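Okay, structure first, notes after.
Chain IDs A, B, C and D follow the sequence of writing; residue 1 opens each chain.
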């Protein structure tokens, strides 16, 4: 029987949404063998199996243990194994060793997921009394959290497959997620003219505006100068011209730290671009691009992806333009001329990931979700072909270090007007 | 004879200023032996001798070679040895090896300085014809550049002396630069109330406002919310309370990258704080502080210095406050209640070092001065006891990575109002 | 029909031996899941699956491709993936990335093994004509090679399991390989007195002495001085006394490089010894020992294992003794008083892994088997509980770097007489 | 007045020898500025000033403090600063930071030397009573120790000068130590035929054979097989042929660890060989060689120097020969046909630096002199142009890790007969 005051309809929606999101994680993992799901190709990325477990741990640690007195943990040792970075929730397995966890097996992780699912269903069914609203908020947070890991699951397994000289595909080209080609080749050439003035930025907590992460708040005004924004994303074809023009050999185009990376790591193109031509500046026709569908000829009309902030900024410099700030991006997102905003690749902005004016992290473990990472990273806006449907938002602030290259990350140009 | 159109009075001022600034570098080095001036204690820092040479190279490479046809370089190999980071000016000696340059000797560097000085004097005397205005701009830039290195000379030699178990002083305590004590102990407790509204930020290039670095432009408006700003700096005594309260052991106070540093490098207090008490959280009375005057008992009324951004942010978190943004700092700098703004220690802000709206790096080597470092660093505002007199500015944007600890860097608190 | 001159009986023996050795590799892997068999816990160790593939590659690359014209490779890309270190056989997959090969799957590796087996059987059946003797030599080499990898398979998976905080066992304690306890506690206390004189060392190639690796040749005389050799191995109980006596805290017991390791890596006992007591020198009763059977109380009568050369040498120093040379070991191996020589743990000697007088590596890829590793390593003698039955030899020279700790490696004491 | 039983003549000899050796250290440093003497170019090498201080510390710590009751230390902090690696004598300054000790100044180190010298002279004058013989042994050890550092002073400063792009010389070419050219170009082509049999190896402690380090004892017999030994050293001209023949590109010539170094560090020739030709295998005429006399054209008749063991072994492999063992070298050193044994470059042998049969380190700090380094290094025999006159010995065992390249180290070939 639902607790007094509970809104059954809302709960039914939450229950349905819970089932959908949880099922989708398993669907994403389904094309992968147990071996595929176990390994870790770099410290930044995590094994598929770990994603499946950690997202379950989140519900267990944040919702079930504090709020469901009848809940019994599946295995107490999992609190150590599958905590990602929550200092408030105790010690945890070192991140670079996640790929050594051949045990628990994939089957045991599946059982763990079912156990947690059963716990959540029971809690939803029986209600949490006075904590009901908080439980629902945490469940919603947990689902958005799981969706974030669904995207990471794809980008991380892509890196695993990339590290394999056999260049295996996650799914056949037609069925694998990939950034869609631009509607037309000329589209990315147009500049949208944007006026100066105050723009309202961020998620409005007071309105019934739906879920947002804490880093999208508070909503606040910011003053913009007039600017031009590219209507579309920079394409692979355009990016290949930048390479062929010596873009990776000209330090004057690069930020200092970026140029140091280019040299230290021998960058010649985006992370997953492959060329048999070992020249420093291969021609556009030389390139193949690795993706979830395997290795394919470079498509000049697809958006460039898997580039770092440094590369995005160098390209913009070469193109006589710049990257937009995250505020310019958000202010323009409703512009009817703006294409490829939310379904293609994340777009690096020229904004460091700083807290919004008035931001305060929430107390407790939940407060570690975003706030403690607000230094030394850059904001990406939009969403990508790997973002779960319905997860994106115009106020969404994705963030990665400037050198991160394994995401579906590209760019849109801007200019002062 | 001055070139037509030259403003003799202005030139005379420039000439006098040139002599003053150049002489001061040698005065700062005077207490140091040739050995002291040769070594390099870490890749981030440079030898005194290198500072003396590099600042001369700057005049040679930026002014004399392009604009003084009669100038002959002192030694062409110095272009390689003393270029710091200007890609446009050719290859250069690797930064971590600057301390291995026992040759040229200190005496040869002194001769190099005299040679460059003679060249500059001749150029000022003879004029540069149509390039006169540009030459003067570059000379002024070179003097501000040398002043920046004067501060680094002090912070870098302090690190050299710190690495020496003998703990030698640069000068006797009374004569060595040190952040002055606060005027009164209660001062740092007051909050200045600052209104919301548009604030004009940055250097106004159009006005006869004097010199500024390019990163301080363009002047632009930014919207501020109401805030409180600490009237004074956080003192050593207050910081020692933070330590004694377990500040370096509580991850909930720290940004994630900061906490990783605390653990990896065993931080227990500011870089130059020394305690025989090997407890994790020594008491205030346990501390001595190393400075240019050697090792001294910690003075509770002196501002805390030589801390990283991570430590500044953690302290603010512990104190129930936050760091101000660089905009909040600049908007309040003329507030009559604001103390210790420009003569004590640089003040970490909560602002990443991003370009101002409309910023564009200048073309050529000069454009590398600031722009290419605009990622992954934080802005510090104000000035320090090691900043040359007259070098500071209210619009000055100093910047260092979040982990940098060897500068005269402290903090001032802020709060939302 | 056998080729003219073929010795059918010998071939039948070879065929049977081939089947036995190949089958045993699969038996060893059988208790492990596909996930277990895929990962790599450190660059020195290899995944189980990789061992299964590489040992097959060895037959393919060394025997089938050069000597079986009808053989078709299973997958030509495997030549790159499963070459270990043979420069003469082309480029190869980087060693530290062996654990990222989720593809080929374990099932595909099983199919690869069957394909190679079929090829070898056909070659044995049809004969190799004039190359028959060489083929047989190479097959025998391949089987001994595979047996070496069988031991590594166990030591490497033990390290994988060790890295797992769940401390899983490879097999239940009773069924897992483990060094047997000494026959009696007093046995290890006896000194065997060995005379001075010339000793014949190494494998006699001219005699029908059976297989040996090239590094065991040529047989040669060496002059020994009178010495005492411990009749048994140093036990865990004895080693625990060394620890409790401060053995890991006293630099005077250690070689310089060893002491540097102790401090840099925080060694407090053998690699797999675990103690809840976090004292620097835990007592004997504090220890548990991890092995293929999982975590067990330390058995004082079991030989100490999984120690480095540095630890063996430090223990000997503490015990007022020294390690034997490999020549002293070999000269005494037939001494009727010598126990625990070949079935327990490898025994570190005080001999660097230098070439024997007159040693020359064979031409071609086979010559890379041993010779190119003859610098910077130490010789271990005997064999271990993980060595396949029949693989050990009195002239066998195992070798590892001084810091290697993940083998079944212990020690036997010696003294000058 | 000398103590009873003292042998005045012997003391007078010791006194004279002390003065000579101590004076020579200062003579070697004389061409260098205080700056030159302060810096450290890599962790393996030490500053000149540190050598001057450490050799004085050795007399202070080993002789004066224990045996001269009236001695007062110059500065107690120097015990920490100038201890090299003696664990028994307390903690010490980290080796990689020796180059940061701008204080004590060079002048202070000179005063420290004079202070220690005065103490030694007084002790020699007043005698040490019953400890007299031990004092004399320790003083003799201290002088040989100082002579070892005299050679290191030269090889270490050569590395400092090498790191300087100005390529400064220590002394003008004619006056700087350098390996002398071979007497005639054909000399190195002759093979000395050496018989099989027992050879007596090592220093005879019982005879009045003069000083030797502990690692040269005990004298013992070893059995040699017949061998051929090159009458002279491998010359630069021969080595240049090896390079031009692709020696640095052919893995089959190299030990495995050596080949890894070649690739990781981009070796193309000996450490100090310079070629403008950036081909992988420059021609002999392309090379210049840096030495204490600066950069000079490669002299084909000079012995190759500043090579690692890996390079020596690869060259021997290319030449169809091998390196001699240290026993073969010592057994042949009196052969009248042997040239360039003791005055040119140290000669890498194929012998690991293992203890001689019966070797035991002495108790106490002196026992740390050699014994604790007996693992992971190779023996070099002979002496070099940088070895102080009278310091070499036929039984001398020099040792360095296989990758060490900054010594005057070359090779002599050997072959089985």
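The working rule: contacts are C-beta pairs under 8 Å (C-beta built on N, C-alpha and C of every residue); 3 or more make two chains touch, one makes a residue touch a chain.
Everything quoted here is computed from the prediction, not taken from an experiment.
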| message | What are the mutual neighbours of chain A and chain C in this structure? | response | none
| said: Farthest chain from chain C, going by mean C-alpha coordinates, please. | reply: B
| query | Any idea how many Å lie between the Cα centroids of chain A and chain D? | reply | 58
| remark: In whole angstrom, the CA-centroid distance of chain A from chain B equals 37
| message | Based only on mean CA positions, could you tell me how far chain B sits from chain D in angstrom? | response | 46
| field | Residues within chain A bordering two or more other chains | value | none
| said: Once you draw an edge for every pair of touching chains, what topology comes out, line, ring, star, complete or other? | reply: ring
| remark: Listed in rising order, chain C residues that touch chain D in their complex are 85, 87-88, 198, 220-225, 251-252, 254-259, 309-310, 313, 325, 350-355, 357-358, 368, 372-376, 378, 402, 416
| message | Looking at the complex, which residues from chain D come into contact with chain B? | response | 33-39, 41, 77, 80-81, 93, 97, 99-106, 160, 163-166, 168
